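Next come two complexes, and both contain subunit A; in the first it sits with subunit B, in the second with subunit C.
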Partner chain A sequence: MKHIKRALKIHRIFMAQEFKRMMEYKGDFVVGIIGFLLVQLSNLMFLWIVFTQIPNLAGWSIYEVVFIYGLSLIPKGIDHFFFDNLWSIGFFIVRKGDFDKYLTRPINTLFHVLVEKIQIDALGELVMGIALVCVSAPGIEAEWSAFRIIAMIFMIPFVTLIFTGVKTITSSVAFWTKRSGNITFLFYTFSDFARYPATVYNRFVQNVITYIIPFALTSYYPALYIIKGENPLFNLGMPVVAAVVLMGIGIFVWHKGIRAYESAGS
Partner chain B sequence: MIHVENLRKEFKKTVKDPGLKGSLKSLFKPKSEKVVAVDNISFKVAEGEILGFIGPNGAGKSTVIKMLTGILTPTSGSCTINGKNPTQNRKSYVKEIGVVFGQRTQLWWDLPLRETYGVLKEIYEVPEDSYKKRMAFLNEVLELDDFISSPVRTLSLGQRMRADIAASLLHSPKVLFLDEPTIGLDVVVKDNIRKAIEHINEQEKTTVILTTHDLADIEQLSKRMVMIDKGTKVFDGSIAGLKSKYGQIRELYFETDVKNAAEVLGYAEHFSLSSDDLSVEPEGNSVKVRFNSSIVPVSDMLSYTLNKINVSDINVKGADIEEIIRRLYEQGVD
Partner chain C sequence: MKRKLKIYTPFVNAGIQEVATYRVNWIFFMLGNAIACLVSYFIWAAVYSSGTKESMNGFTMPQMIVYIVLMFLTNTIIASDGAYVVGEEIREGSIIMRLIKPVSYNATFLFQELGNKLSTEIAIAVPMIITVEVIRTVLSGVLQFNAFNLLLYILSCALAYLVNFYFNICFGFIAFVIKYLWGANMMKNVVIGFLSGTVIPLSFLPDALEKVFLFLPFASLNYTPVMIYMEKYSGAQLWYYIGLQAFWMLFFFGLSKLLWKASVKRLSVQGG
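On to the complex of A and B.
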């Protein structure tokens, strides 16, 4: 309990630093917000054009497709907002020897890296995801029981960890290879498959995004239960298991990696 | 207090042929070789001691410091501070140490300096009242007041270094590691920083380990120095000890009307000195001769010179520490 309290406090302090940092450059911040709104607007228009052209997709109604699409953006956005700093590990922190700093401070290095930065752009995905879910839900013929809604909300932190776990594993590779940003990018790209119902893909892709790089677990499978009430044990249980396993592997590889870290000449 | 035992660090280095072709070849057929950066180094440091680390670039100083600060994991051997080991319990180990890398900063680049200290206070769990006392003390020693409200990016290098040293001392560490703390600073700022380090060492019995290329840092601060070359310890002792061990070099300087005095004198042939033990630098009317006084006594050198040519001014100097180190770096240690 004491540890959690301290972790939350440090997280809050780092967040505050980030907001102060953004406020330090007000012009950049304002332009960033305007740019972010424009990007979201164009995304929305694109979606509207696409989805109005297709009445249904592999047996899924337009509302259901939009729901799954929106649901996939929420965990992705949360991970992107809070834990974007992992990308820097793979691209330059390790390569330039800047990881030294984390190792000389008395807090868990992975935690420190995760909470150090926030990425304000991610609000786009988050807002968009929530909006799409809210807009599409009334059009879906499902039993909207309280339990299903609670289940949906309960799943979000876990499926977020699927993203964070994959990023942690691939970023840790940098401790050995010095640079692994492109590996993270490759795996992260698979999350695009999660936007659409897994049944639109062939068997092979389905298996990959379910069992190997399990981004289908972040949105499609939970939605299967929420919309159709199917197989809660797999559709809700599997994402939780995957989140715990991936994050567990991530933490393990990270700490192995630290021992292989070579810093950089100075 | 600090025990370093048989510390060793190996790196694996990928060997590539030059150019794009070499890079491609290495991609498909990687070759690597083992590089020993630090080889079996042992030493002890007592509480309150200031230890200076010197050695040429690439000698392994930073690698040693990085193992002592828990950044690098040793290939073998160990280092402990008060019995704590960084590879076993990093978090409690780093609470006892403060680290400054002259070439990097741990300050929040975009924010006023004060913000950095606020965050470090939480990271190191410094209670509010000791934090206030600590800041007052650091303010006094390092004179932070002038720029504590300025964003870090606007600080001069000297101010940034003071700020970084303060940041590393906020949690009252028992050991302070300084990796090139005076790099790139002007003489006055260097002096201020040395005085501050000295002051903190005296006031709080903080053990200090510093690496530097500026020997004045070591001469002013530490009684003891460790010299590293090619990953091994080549000297461990006082500066006076180093001078008496390697300081047999003397510098003879004279002015004369004789042209080509250096050739006329022909020191090398006359005393049969090798280039290790003799260097002659004629410069206009004057000549500078550095020679090993354990082979040719100063009196012989003087009488030979005075008998051979007319000299209008002459003096002999003992080698300074810079000179000794320069020779050691160039020739290695026997």
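On to the complex of A and C.
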């Protein structure tokens, strides 16, 4: 309990610092937010144009597709907002030897890296995701119940950890190789698959995005339960298991990696 | 001319060496893009199997596959980093180094990037063209390869690269206004992605919109070369679009010179 209290306090202090930094460059963060909004808008235009040609996409209505799309943006946006700093580990912090800083402080290194920065750009994804879910939900023929809505909200922190877990594991590789931003980038790109219902892909891709780099668990499977009420044990249970496992591996690899870390020369 | 070549060859070499240093980066970047392509392949496959029509806005499914692969290739061939490089130099002030050297600011970039491309693009262009041809032949049952068309495609790509290069140089000057270059560049890339037909072929758009987009400089980037390769343009139409590319190239070339002159006056670099 005492530990959690202390962690929360440290988190608050870092956040306050970040907001001060952002206020310094007001114009810039608007650019970032609009940028990420435009990315989503461009993808939506694509969907909208495509749906003028076809009645449904592999059996999914436009509302359902947009719902899954929106649902995929929420955890992605939350992870992007809070834990963007992991990218810098893989791209330059380890390579330049700046990681020394974290080792000298009386806080867990991973926790420190995670809470040190926030990325305001992510609001572009997050706001769009929430808006899309809200707009598309009424158009879906599903038996909405309080339980399903609670389940949906309950899932969000877990599926967010799938993103964070993948990023933690791939960033940790930098402790051995000095640079791993590219690897993070490559794995992160697989989250593109999560934007659409997994049934549009072939069996092989489906297996990869369910069991190996499990981004389909972040939106498609929870949505499958929320929309169709199918198989809650797998559709809700599996993402939770994957989140715990991935984050567990992440924490393990990270701490292994720190032992291998060597500071830069000068 | 000979003197000029002598001045700029070191930049080409520097470009080639740069790639050697960052080869791994480049490979990962390409793999990431390839995954994005794979996603769009699956979406289109689902779209065509969900619809009743065999051809949508002039594209059959095999043609759409060819379109996706060609877009990927063309995007790589014409890619230019200028916006970021110029922006970064303005932001940190190292642009003054360009002022004291007796070489053209744009030309140094151009040759450096060409060196960069020489060593990467040939490595992917040849296998990809072969892939495209194999796909086309297998899916249609007839060999569709046309050497003249390939030459036109290469010409169009060269023009597209120059349009992109000078456009990016111009865009780099935005660093005088926006300091968050990563954000500004992302915004630019998204807008171009849509306007240039990378996200969806322009023929899928409403007619009026398509006409406007076809005239805008962005269609001259990816869309025109790809359409030429796919033999969608012919006769006068073909030369009109190539002419349009040349026009936009000159336009941005001129604009970049103007912006350079204007910004030298405005430039203030602190410290040293």
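Rule of thumb we're sticking to: the second predicted complex is superposed on the first by the 235 of 266 C-alpha atoms of A that agree within 3 Å, B and C clash if a C-alpha of one lies under 4 Å from a C-alpha of the other, contacts with A are read in each partner's own complex, and residues count from 1 in each chain.
Everything that follows uses one rule, which is that a residue touches a chain if its C-beta (ideal position, glycine included) is under 8 Å from a C-beta of that chain, and two chains touch if they have at least 3 such contacts.
Everything quoted here is computed from the prediction, not taken from an experiment.
Undergrad: Tell me the contact category for A:138 with respect to subunit B and subunit C: first, second, both or neither.
TA: neither
Undergrad: Using the touch criterion from the header, give the chain among subunit B and subunit C with more contacted residues in subunit A.
TA: Comparing touch counts on subunit A for subunit B and subunit C gives C.
Undergrad: If we overlay the two complexes on their shared chain A, which of subunit B and subunit C does A:205 touch? Say first, second, both or neither.
TA: In the superposition, A:205 contacts subunit C only.
Undergrad: Once the shared chain is lined up, is A:25 touching subunit B (first), subunit C (second), both, or neither of them?
TA: both
Undergrad: Looking at the overlay, does A:58 come into contact with subunit B only (first), subunit C only (second), both, or neither?
TA: second
Undergrad: A:183 contacts which: subunit B (first), subunit C (second), both, neither?
TA: A:183: touches subunit C, not subunit B.
Undergrad: By the touch definition above, which subunit A residues appear in both interfaces, subunit B in one complex and subunit C in the other?
TA: The answer is residues 25 of subunit A.
Undergrad: Flag every residue of subunit A that touches subunit B in the complex, lowest number first.
TA: Contacts found on subunit A: 6, 9-10, 13-14, 17, 20-21, 24-25, 97-98, 100-101, 103-108, 258-263, 265-266.
Undergrad: Show which residues of subunit A lie in contact with subunit C when the two form their complex.
TA: My answer: residues 25, 27-29, 31-32, 34-36, 38-39, 42-43, 45-46, 49-50, 53-59, 121, 182-183, 185-186, 189-190, 192-193, 195-196, 200-202, 205.
Undergrad: Could you list, by residue number, the parts of subunit B that touch subunit A in their complex?
TA: 11, 58, 62, 66, 69-73, 87, 90-92, 94-95, 97, 99, 101, 103-104, 106, 108, 110-111, 115, 118-119, 122-125, 151, 179-180
Undergrad: What residues of subunit C sit close enough to touch subunit A in their complex?
TA: Against subunit A, the touching part of subunit C is residues 24-25, 28-29, 31-32, 35-36, 38-39, 42-43, 45-47, 49-51, 53, 56-57, 178-180, 182-184, 186-187, 190-191, 193-194, 199-200, 204-205.
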